[in-house]
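Listed next: structures, encoded as structure tokens.
One chain, subunit A, links the two complexes that follow: it is found with subunit B in the first and with subunit C in the second.
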Partner chain A sequence: MSIFSNKSEKIFIYLFFAIGLFIPLFLEGNTFFINKFSTIIILAIFVMSLDYLVGRTGLITLGHAMFYGLGGYIFTILAPEYEAVNFWVYTFYVMLISGFIALIVGLIVLRTSGIYMIMITLALAQMSFYFFADSIEYGGQDGLFVYIKPETSIFGLNFLDLENETHFYYLCLLSLFNCFVFFKIIMNSSFGRVIDALKENPDRATALGYNIFHFRLIAYVLSSSLAAYAGYLFALQFGFVNPSMMSWDVSATALVMALLGGQGSIYGAIIGSFVYEGLHYFIEHLTEYWMFFMGALIIALVLTLKNGMAGFLNTLSGGKRS
Partner chain B sequence: MDTSLFLVQLLNGVQYGLLLFLIASGLTLVFGVMGILNLAHGSMYMIGAYLAYYFTTLTDSFLLAFIISGTIALVIGIIIERCLIIHLYKRDHLDQVLLTVGLIFVFNATQSFVWGNDPLGVEVPEILSGSIKLTDIVEYPVYRLFISLLCLVVAATMYFTINKTRLGMMIRAGESDRAMVENLGVDISKLFTIVFAIGVFLASLAGIVSAPIVSLVPGMGEHVLISCFVVVVIGGLGSIKGAFVAALIVGIADTYASVLLPQISSMSIYLLMALILLVKPQGLFKN
Partner chain C sequence: MSQTILEAENLCKFWGGLKALNELNIQFKDKQLHSIVGPNGAGKSTLLNTLCGAYPATSGVILYHGKPITNLKSYEFCRAGIGRSFQKTNIFHNATCLENCCIAAQQRMGGSFNLFKKRSKNRQITEIARSALEQVGLAARADTRATEVSYGEQRQLEIAMVLATAPEVLLLDEPMAGMGHEESQTIISLLKELKKKYCIVLVEHDMDAVFELSDLMTVMVDGQHLITDTVENIRNNPLVQDAYLGNDDEVF
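So, the complex of A and B:
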């Protein structure tokens, strides 16, 4: 069984990663664009984790940025300030701790659903925003800085230097690929089938003997710890974390990107992030008031393009609506 | 804390709570009747405040500014409902969230285009600029009392309208069974327009009256919106009575927390919300 659900997805993924692998060769020395691509890829991981939660389990959250920010904070707080730590070990720590926090938060927010959940996730994210913005030991509004980047040796082999932009780019690309494959495997597993079923009809899934709450909680924890991983990469790229990573508009923008790509399609998260950031970059250069046009675009998008870019591509390649 | 300071803080808390009620009641009314969560509700608060600033400087009269801004807000409400929200009635929550987030972007950009990003202020109108002596040394500004009074009048008007008038009857009916109301021959689309315009008007009204006591900064709408979410979640979504009680609780808790527990003051209302949700996941007044 192939991990792709349709033809356009297969073509897109092959094309994207093939181009992604070779793009640094064409941008030789142009670190601005390599960094820009790394940033968008990190964002795509974040959007993908949100897309799984919103598009697949049907749980709409406006507070996902809380975990994005937490990922960065967990690393910066845990790692000793002037000592290079191991990247893989800290990846494990970040995902484990954020997963644990997601478990507790999930126990509260998943008691509710629909509109309530949207408001509660937003309020909780805002609470963690204020927690870090008001704390003196975590740097307040200015946040914390990462002075030494981690080293990446694994079993004594060390082939990535995170100070090098191109190496970091490849790490992000690899992470995105792993993230994509991970979600596709989950979607095709029996766990993923149950998740699909309970999005489609929660009552029937309950009647079949599945405990909806447990399945939702697992999906919430998985998605949140991947969002934290993206935040961790963000902290490494920019060398700082601050509360604004958790602000509501980060969550809202990610939702827009997920929808732009086509909700629940997973690979659409990559399209959504690149299209949104591309447009953002383009409009920002034309006018200071880019938000006006982005806002108008979002409204137009909601009113017209129901299945996002992924649905559009799929129709182009002659596939059925999925 | 001595008694007079305690009293001043109580008055501040009640005033803030009543203001929150004004905004939250609009949010909860629109949700209760139409099933729409309007995230751009906070933006209407912001627009109200900036319009009040604009027309006060233009006409030199706060009262005139009050009337003009309120009218503009009603018109904006009608336009948004007729052109955009009308497409959302058959869509899911996600589309509501995204479309209203788009509206926030548009309003924020418009605000920074027209009025810039520097903080602005409106002067307290002259008749209301005095202070009342509470004790020998403690004074309280009249304008804050005026806000509390105005909010109470609005709350009473809403209570009367919803419980005693024909429009209120339709609103209550729309809350319990939308399809049945339509079948009974009520023009539901007209009712929706009216309710949405009232909601927008309430948020803008709060913005207009609070313009003289807050500084007008970009992002003020989102801050208020999130506080309103806390109010609505605690009070129970769709319940105006719940919004009233919860707004007062939140207003007073927030004011006292900033005096008594300054280190966690901005987190306090969220902690309160989380606690209440653990006990009552549907809020205090969910019917």
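So, the complex of A and C:
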């Protein structure tokens, strides 16, 4: 049994990563587009982590951007200002610390569910937004800057130079791939079986003897630390972090992307972010009122495609509804 | 006489001022089918929900093998060995029948916190799930999605899931609700088999089935225990006829 749940997913993933691998060759150093793709891929990681929470675990949060922002902040605060640190070591730190924060936050927010959970996650995210926006030490509204990018040597070998856009792009692509594989593995695992069960019918899962709180907490921590990893990449790409990364509309936009891509499909997160950002880019160049048209288009897409773009692709390839 | 497994002492469950269970004393013995009957609102379902930990008891004690388990968390009741099926079909509709039982079996077998081991690699769980499906006669439906099987089969699946948790006590809440005659017969013969191995507490409105299956019957009225006796004695008891059976106008 492969890790793919259907044919369209398999085709999409193969195509996407094949194109992703070779596209920098065709762009021939057009750094604008390479940067653009890196940004979208980072976003896709963030959306994927949110999709796991919303679409697979059934926990709807409007505060996921808190971890996205925290990822950036943790790195910037932790790393010495004028010294190149090791990328992998700091990846570990960022994910560990954000995972720990997610554990504490999860202990609080997972006591609620549904609309109350949306409210409390939103409230906590806004709290951290204002904490960073008002803190003088952490740069207030302007945030903090990353002056020196980390080096990526591992066992003395150094393949990637993060100052180089193409190298950074490949790092993002690799991260997205790992993220996808990671989520597929945990979805197919014994743990994933319980997550599927408690998403569909939490009461029955409890009646079968599962303490669903523990499972939700683990899912929350995993998803949050991957969101933080995406925020960390964002900070590296743009060289700064600021509170706006944590603002609620980042969470909401990601939620729209996840829905657009097809909630719970995981690979739909990639489609969702690319379609959303692609539309954004094109409509923005056509008209000043891009938000209006964008909104209308997204409403139309969400209404017509019941299971998002992923569901649409699945129907196209003749797959059964899942 | 077989031993008492599950016992309720002075069990009370109040919903505000409503006494759904009032000072109930009842004992369930191993390898017996003990059915609980009574008019609507007598507190039968409440009793099951309290016995399986879904509702915390207002007061009183639940004893399991002589030990009080009243303060366990609701998910710990199942781990202790008290399995429960639901009045309203309560299964995982999007999963296959086999997967439904796997979810149930995995709780007991452990490994639920294993993030990386493929769920299909755990053969033991799949085997338990398969044998549970076989026991209820659903083996042929193993790979069919639970939404796609008939209503009667969903009820069977419901029981299979409870069996997969390896319980000692089965609390069955109207397993024959909404079934046709033939489907009911399937469940009846299934329960006849099961009562040889498990302590079964059955709440059911189908009186023919109840009379056919029960070793002991308890009649409840208004949250109170009216009488517990064998089927024959219950049939002839004037009190019971008054409260429940005798009145032809009664709608169950």
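What we mean here is this: the second predicted complex is superposed on the first by the 320 of 322 C-alpha atoms of A that agree within 3 Å, B and C clash if a C-alpha of one lies under 4 Å from a C-alpha of the other, contacts with A are read in each partner's own complex, and residues count from 1 in each chain.
Assume a residue touches a chain if its C-beta (ideal position, glycine included) is under 8 Å from a C-beta of that chain, and two chains touch if they have at least 3 such contacts.
This is a predicted model, so every value here is computed, not measured.
S.K.: Examine A:203 and indicate which partner it touches, taking first as subunit B and second as subunit C; both and neither are also allowed.
M.R.: It touches subunit C, and subunit B stays clear.
S.K.: Of subunit B and subunit C, which one touches more residues of subunit A?
M.R.: It is B that touches the greater number of subunit A residues.
S.K.: Looking at the overlay, what does A:211 touch: subunit B (first), subunit C (second), both, or neither?
M.R.: Only subunit C; A:211 stays clear of subunit B.
S.K.: Applying the document's definition of touch, where does A:119 land relative to subunit B and subunit C: first, second, both, or neither?
M.R.: Touch partner of A:119: subunit B, not subunit C.
S.K.: State whether A:191 touches subunit B only (first), subunit C only (second), both chains, or neither.
M.R.: Only subunit C is touched by A:191; subunit B is not.
S.K.: Quick check for you: in the superposed arrangement, does A:7 touch first (subunit B), second (subunit C), both or neither?
M.R.: A:7: touches no partner chain.
S.K.: Subunit B touches which residues of subunit A in the complex?
M.R.: 54, 60, 62, 108, 111-112, 114-116, 118-120, 122-124, 126-127, 130-131, 133-134, 248-249, 252, 255-256, 259, 263, 289-292, 294-299, 301-303
S.K.: Within the complex, which stretch of subunit A touches subunit C?
M.R.: Answer in residue numbers: 1, 185-186, 188-194, 196-197, 200-201, 203-212, 214-215, 218, 222, 322.
S.K.: Which bits of subunit B are touching subunit A when the two form their complex?
M.R.: Result: residues 31, 37, 84, 87, 91, 93-95, 97-99, 101-110, 112-113, 222, 226, 229-230, 232-233, 237, 263-267, 270-271, 273-274, 277-278, 281-282 of subunit B touch subunit A.
S.K.: Under the definition above, what is the set of subunit C residues touching subunit A in their complex?
M.R.: Answer in residue numbers: 52, 54, 73-79, 84, 86, 90-95, 99, 102-104, 106-108, 111-120, 122, 125, 161, 165.
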